[in-house]
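In the part that follows, the structures are each spelled out as structure tokens.
Both complexes below contain subunit A, partnered by subunit B and then by subunit C.
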Partner chain A sequence: MERKSKKAWLYLLPSLLFLAAFMVYPLIDVFIYSVEEGYNSASQSFFGYGLYNFSYVLHDPYFIQAVKNTMILVVITVPLSTGFALLISLGLSSIKKLRDLFQTIYFLPYVTNTLAVGLVFMLLFKQTQQSPGLVNIFLGLFGIDPVNFLEGPYWAKMFVLCFYTIWVVLPFKILILTSALASVNQDYYNAAKLDGTSKFRTFTRITLPMISPMIFYLIVTGSIGAFKAYSDAVALFTTDLNAAGMNTIVGYVYDMLYGNSGGYPSYASAAALILFVIVLTITCINLLISKKISI
Partner chain B sequence: MADYTDYEKIEKSAKVRQTVRKTLIYIFLGIWALVVLFPFYWMILTSLKDYGEYANEIIPKFFVLKPAVENYTSGFTAVPLGIYLLNTLLFAVATTGIVVIVTIFSAFAFARLNFRGKDLLFTAFLSLMMIPNELVIITNYQTITNLGLRNTFTGLILPSVTSVFYIYLLKENFEQIPDSLYNAAKIDGTSDFKYLFKVLVPICRPTIVTIVILKVIECWNSYVWPRLITSNEAYYLVSNGIQEIRENGFGRQNDPAMMAAVVIISVPLIVLFLIFHKKIMEGVSRGGTKG
Partner chain C sequence: MKVELKGLTKKYPSRNKNEKKDVVAVSNFDYTIPDGALVGLLGPSGCGKSTMLNMISGLQKPTEGRIFFGDTDVTDISPENRGVGLVFQNYALYPHLTARQNILFPLQNLKGKDKLSKEAMEEKMHEAAKLVQIERYLDRKPSELSGGQQQRVAIARALVKTPKVLLLDEPLSNLDARLRLQTREEIRRIQRETKVTTVFVTHDQDEAMSISDYIVVMKEGVIQQTGKPQDVYDSPANLFVAKFLGIPPINVFDGEVKDGKIYIGNDPVLNVKNVKEGKVYVTVRPEGFIPSADGALKCGLKSLEIMGRDVSIISENPASLSESIRSIVDADIKLDPALSEVRFNIKPHKLFIFDAETEERIYFETV
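Moving on, here comes the complex of A and B:
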């Protein structure tokens, strides 16, 4: 037993070492950083302990803006992308021809580099001196005046960010929902058909309850993912997100850590902890709601 | 007789409605397929446009008669895209290799070996799954900097070689293999190590393939860590490489050359996907999280 025990620890050694060094220690350290006031990363010294870092971050207009942007992104993209993914999956599950082809096409964005393809979106929305940009030309066909999507009004920028985010997150959601729809027992549908139940009623009374666990799963993971949005915004609005007014919470954390305004790991830690608390709260609320509804 | 024609009518109208419904579904799905594909089309199209002509287009052309291939060569001559690609390949292979080995060892220990505190340790492992990367990256950045590992592959790779989720995934799979196989191997005098690599790993290959797929996609996409840890272009990965190209690459507004770089970066994963799309989609639905 003793020898066996030793052997087990030997097998676990690599993961234990890595987790201790790059997960557990940093996790403790982030709390310490967040309460060290006036930390200087050059001399690695600080004045004392306290909650000043949190109050600084919470009063920083850039952070407020980042929280606002992130919240809007979550509130818009999560329900829209989940609902839209459900529509597409329903469509997919009711056809036979071309189904595989459509599924493969829809999955493509998942395997692309978010930053690289984001540049294509930037190009599509970009206004130059010569050209109003492809999207504006398209909108012009419907008599809509050109909008400066990337450097114009806040809502235009937010629209582009939300649109790109939805484009990026849909593949995963469609994949999960189509397999959830396929796993619903066909007997229920046959019984409903025999009873002459309408399509809509079949959907609300059979399909929806059967796949609701998966929908909630997608809402929870989708919210967590949207709260951590960052590289999509960088692709569209360059690394100087504060200047564009499109920073996200994660972007704020990294800006504090690194880059032109960087060198403040304490502020970064405080902001990261605030993000963690927000995400944890939202996740708990989501789980509570899902439990209530399913009971 | 009248009843009979009624039925026929009902049947006919039902059929018409069915066809209309199907057509609408196809149109809806087709439109979304276009929305998904269009950026790829535009990326390839723009990458083939001559810069001089492109800069003077008021309404962009939807086709190219004389593809400008020099956009692609300039990706390797004007900017070091080849180095970025090579770095990313090296990073992805090394990270994925280490992840797989570490995961196999840990999953085996949790699934097959007995030791004191096993359940407690596994619970501790699982609870680490809740910790977001953003929380630990700050200290990791400091650690790697203090160790002098900035702008090295070691620094790039080290923090991302363990994933609790993959250990969990593989442990579940290992536990499905019947005990009798293990006991039989023990009676034959097979060592644990040999049993693990000659029996368990081959049987659980699908799960390991899943892990490889997910990790490679993650590596190809990773942006934040490489951006933090590399300031020397010789160590850039494709993500921060393309960002660098965009900010100071081909001179202002040379969109065709930039799009050529984007195509070059996107092609490897897309080709892999087109070859293994069944496997990749299966793997992602088992353990993907992006989105």
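Moving on, here comes the complex of A and C:
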């Protein structure tokens, strides 16, 4: 037994070392940074320990804006993308012809580079001297005045960011939900059919409960993913997110480290820890709800 | 409700793209199920019996032929409007609903003039639960019920709408041996009490023989024989039916009809008349052998299996198509296991002969 467990530890050693060096140590470091007040990265010195960094971050209007943006992003994109993915998966599983083609099309965003997609969205939404952007041209057909989506009002920018996020996360959700739908035993549907169950009732009383574990999985991972959003905003609004008022929490952390106003690892660490607490709370709530509802 | 099946045929397009010919699952199925009867569709896997069940339920449409419930042609009526209850092989109970909710489910679907009040639904649900004796388990989920209990819930769910026809797909296949005996009596009792016309599908001849009023033996989509179980057993129409029915299975020999005698190998075992001469298969039921010192059929004795009530004699004969011949005789007949040879006389009504080419039954008269 002894020998066996020694051997096991030996096999685990490489990955443990890597985890310790690149995960555990930085995590501890982040925690230490966050409580070191007045840390100066040039002289590597600080005044003392305390919670000032947290207080600073929580009072920073850029951080408040970033939290607000992230929250809106989570609240809008997670339910909407899951809902759309469910509708599209239902559609996909009820058609026979061209199913493979549609599956491929819906999966494309998953394998497309974020920045390339950003470029496409520029074409759709950006107003230039040559063109008001494809979406504005389309809106013009209905006599709607052009909207400056990328540099205009807050709601317009938020709309584009949400639209973009939903579009990017859809493929993975569709993939998961189509396989979840396919794994429901056909006999349940046959039984429901024989009993004259309406389509709607079959969906709400049979399909939904059967795939609910997968839906909750998507909501939990989707929320975590949305809280960590950063690259999407960069792809749309370039790196100066604070100026655009479209920063996210992760973006704020990045700016504090390396951005124009950078060089403050203590503030960055404090912001990262606040994000961690938010994500942890939301995930716990999600799990509690899912346990209550599902079988 | 009488169920009439007229010339039912079901063809599937072949999965093999190079093969243009359709796969025929059921071919020209003609049979009438009397009102209130319990009929077993019997056959090996892939004989089309499940397809038959699906066509009666309406889940599959026949390629040709018509289905009548009573005098109504239901061929083009959708499954929910036919008034059938189907018990699936895996029961298909909704796992997230309790037994009670599962049984209530079909009632809650009723709309318009059929809509029931809450009390009426409860009453019907309790009636069905009482019939299958699962009232105590109503608040359990399927995962908390044993296989037998799950099946009772499934039957209750199928019966709660008082269907015209009850269909059971391999009802006993998911149960262990002991529960199987108990459940088949249970199915029989429920069917007698409700008097609902019932069709069930099985590949287990024992199951079909024991509870059916009538059996339909199928092979490759074609009816081989229909009738009361005992009649089919006592008078199989062809070699397939003879081999398929009966445990232990019937013994098959190469034989011949010559000079008014039936031969097994070189042993003349029976004197007959009015029979066409030629090569035949001679089959004898295990209970058709009488050990006798001057018996006509000579066999090499291999072993004896003493089962208490009766004794199985395992012997061999070069004309036998299987390695050993199993005969069951009364335990009172004493046989010395050290003997190398055993001789049998054959009971004439336990011996059937079949044409060596067509495998159809050849009837004979004994002398």
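Throughout what follows, the second predicted complex is superposed on the first by the 284 of 295 C-alpha atoms of A that agree within 3 Å, B and C clash if a C-alpha of one lies under 4 Å from a C-alpha of the other, contacts with A are read in each partner's own complex, and residues count from 1 in each chain.
By definition in this document, contacts are C-beta pairs under 8 Å (C-beta built on N, C-alpha and C of every residue); 3 or more make two chains touch, one makes a residue touch a chain.
Small disclaimer: the values here were computed from a predicted structure and weren't measured.
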Clash or fit (per the criteria above) of subunit B with subunit C on subunit A: fit
Which of subunit B and subunit C A:Arg201 touches, first, second, both or neither: second
Partner chain(s) touched by A:Leu12 [first = subunit B, second = subunit C, both, neither]: first
Subunit A as apex of subunit B and subunit C, Cα-centre angle in degrees (nearest 10): 70
Touching partner for A:Ser269 - first (subunit B), second (subunit C), both, neither: first
Touched partner set for A:Ala116, first subunit B, second subunit C, both or neither: first
Comparing the two partners subunit B and subunit C, which touches a greater set of residues in subunit A: B
Which superposed partner A:Asp145 touches (first subunit B, second subunit C, both, neither): neither
Subunit B and subunit C, minimum CA distance [Å, superposed model]: 7
Touching residues on subunit C, where the partner in the complex is subunit A: 57-59, 79-81, 84-86, 88, 90, 92, 94-97, 105-106, 109-110, 141, 157, 161
Interfacial residue positions of subunit A with respect to subunit C in the complex: 185, 187-188, 190-191, 193-198, 201, 205-206, 209-210, 294-295
Residues of subunit B touching subunit A in the complex: 22, 25-26, 28-29, 32-33, 35-37, 39-40, 42-43, 46, 55-60, 101-103, 105-106, 108-110, 113-116, 118, 121, 125, 128, 131-132, 134-143, 158-159, 161-162, 164, 167, 192, 217, 220-221, 223-224, 227-228, 238-239, 242-243, 246-247, 253, 255, 258-259, 261-262, 265-266, 269-270, 272-274, 277, 280-281, 284-285, 288-291
Partner subunit B, residues of subunit A touching it in the complex: 1, 4-5, 7-9, 11-12, 14-15, 18-19, 21-27, 29-30, 33, 41, 81, 87-88, 91-92, 94-95, 98, 102-117, 119-121, 123-124, 128, 130-131, 134, 137, 167-173, 175-176, 179, 218, 221-222, 224-225, 228, 230-231, 234, 238-239, 250, 253-254, 257-258, 265, 268-269, 272-273, 275-276, 279
